[in-house]
């Protein structure tokens, strides 16, 4: 008995749930959890189906292709452990939270490696017996640096890349190599304070809340599909430094939650938005 | 074209989603929203299906009864407006929130009448052109008072009763007349401070949060299936009076949200728990 | 015995708390609650002192003026009920929440009048026995309309104006008449989606949270000092309409909380920020 | 120039703020932050004063003792780093969060040692270069085990003990050695599900929220003064295991926040309650 997840995304049509679940039934697969969503404005159908049983992937997918409308996308993925590579710069908080959650079993993922454009987080990563690669950007053109990153990343064949406060802008060419497979944490709500020192800007503006947004990376660095957001209350007693500290706490918890959702294959991307089956 | 909601609750079995959605498809009904949940521990299957089309209720339900396992419960309800009767005592906040939400269109329900065991809320109810019945309990035995309540309630034939801070304990006989149709708001988390003056108790205990619980009423007044809960932060600067005020704010918002969920037929009850498809 | 609140705002200096509290002590006034805050970056001192006793306002303020540094601002205000005029357009939710909270005693304020540039909310206001003025803007220049508003407002001499979804941009001349006395509710976080249909924009962007901001109105309509902010979680199942509905719920609760803070004289404005002693 | 914190707790009286701040002024100390609270019901005065300057502790405290009413307690503590010893059993989450927060600089405390009644967390503690003591309880009477704990603890002279999911009940004799210096995290709201397997109980009850409470340990293990509480929303899709996982997330964040508040000397205990100057 195996456990797999069927992800279906196609134009909406009458009878889709019946067709898909019939095929599963015919294949003697037990549906242990099912979620659907219809975006009526755009006529799109989304379904996530957790299946238990003995799988013949080829015939199952062929049956689905016969039944689903033109333009349907369907994926059958193993429910098991995924592999990620984490990219970092200098800040430890987002990385540290993922490392500790993995260690204690709260996050079930294989961290294949951590790559930093500085080397200061190597010591932390080493404590957990995980390879750390220092891939400095100094003295390199952007394409040269990204080529070095890609080489390091691809030697591990990860399912997803996690940007845990990786403070470099990525080129469209790099991003195109990992479509909807790069998860980033942004320091604020989107739309938000743009440019350097966002917490200083938030402080100057006298905001009463600080937020963070986890999203997939697309060509527009901070404008990709949003996976998860959260906020925390602040007040006038918070200095810009205090706000940054509060912000880091939200950042790490939002990133960890987004990562969990992605690892559980609960996130569909379409256009610049997501469907998240919590 | 009509809109109805099919609610199915039965022992779990392979192929249930396929069977139910096939029948809907055969009846040319369009599924606009579907939610299922399987309680694997107890082997129970729950499904809520929003349908659009032309309905032949009798044949649809007959087809379902043929397909579903023994012991299945299924209901086909109109998606339209429900009718409620609200019971109150002296406090205005929970009632006022429902009245105002209905007035502004945020809550789509017909408030057939409000019944109070005191008369002080009659003026507020009158502002909104809704009948108010004063059904005093003084000088009456509990069965006599409940008979008077029942007579007033039943003249309106409501779908649900809402206890908006109705401070009388109801007998099993009364509750049995409206099974899983009475919604109550409780002043605290459950388990919680029991007895008189719960906010005074919370104050004495120095709690840092105040909560409220909306639940269906069963024979155990405050122990019925929970629909919705929420909390608000408090601190040492809150007096017992301030805590009660903060508590009223949570109470009214939790009750309104629970009522909305019930009116939308999103709540299944089984055993002493609920499945809530948000 | 009277209750008053002393509000002090001045350049920071050593011994300020001692000086101010000494003067209160000398005047035989009992401090029942005291809050201070020092903005060290800008060297500003803020103190809010709740006092009980028999007041000689003139000598008390004179003593303070002798003791405080140059450029100090101090106000001694009665702790009692304030008077507000509410400006509205067509939406009922923010107004309705304030009306109901006043009715039930959760908000202690005199609503002297409600003024609308449309007349559709007159009926709601009338239910609560409060004067409603219809001051239409059609066919009037902006200064003409604002002159009509001012005439209606000033006949009541309110302490504060509340813009409860008043959808007209106010001129600097109008705003200058009520400095830091106009409270507005903005439909979103700031910075935020700008322009028409913000919830449509939020929906298109696929946000997972919806927020609201209450602030004082300055010449930059949505850029004044922030008093209070909050958010609510949304998801892909929310249509733009659902997001607007969720947004209205946040808007009204944020506005009511901001109004309460202002009425309690807990808000200092300086520069474009606030100090809020919760 | 040093930084110290003056903590005053005494019967309320007129002029206390003036008296205390006068003395600070006379000693040429600069007040950088000040908070007071008066519990009017019990007539108690609390004040926390952050001071900058050159201290003569002896004369400062003597001056205060002359000025304050009978029964006053006052402490002058260094604002610097505190030392803690952490007690654990088998679960890593609460400990791990504190270790990582210290490592990344989000929590400023010296973890002198970790003591476990099992040895399985020794490896994690070792990663961070912190001493781990395995003090097993097997085969020991409770007083014998506590004597072993005390010996290990006292060799470090910590300011506070942190019970990071230490699952042993402590005797009044042990607790009396560290009055208001032991911080515990409780798996739920208080009052709450009592006894074994609280998350199983919460699951059976069908709750929609899971909470955690950090408190000082007194003779009644879970009934000491509450420092901090929080909750997270759960739903019918959560198994008892999922609820426990969600609960661990709340537990660790509540404990870390409570620890921060205590380390910052922001918490007063009186009776069975706390005053927390956030």
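Couple of notes before you dig in:
As written, the chain order gives the labels A, B, C and D, with residue 1 at the start of each chain.
Criterion: a contact is a pair of C-beta atoms (placed from the backbone, for glycine too) under 8 Å apart; a residue touches a chain by one contact, two chains touch by 3 or more.
The structure presented is a predicted model; accordingly, all values stated were derived computationally and were not measured.
Considering the contact criterion stated above, the chains in touch with subunit A and with subunit B alike are C, D.
Taking each chain's centre as the average of its CA atoms, subunit C and subunit D sit 37 Å apart. Put simply, the C-alpha centre of subunit B and that of subunit D have 40 angstrom between them. Along subunit D, no residue makes contact with two or more other chains. A complete topology is adopted by the chain contact network, contact being made between every pair of chains. The touching residues of subunit C, when paired with subunit D in their complex, are 14-15, 17-18, 21-22, 24-25, 28, 30-36, 38, 40. On the side of subunit C, the complex with subunit B involves touching residues 91-93, 96-97, 99-100, 103-106, 124, 127-128, 245, 248-249. Remark: subunit D residues 37, 39, 41, 189-193, 204-209, 211, 225-231, 235-237, 239, 272-276, 278 touch subunit B in the complex.
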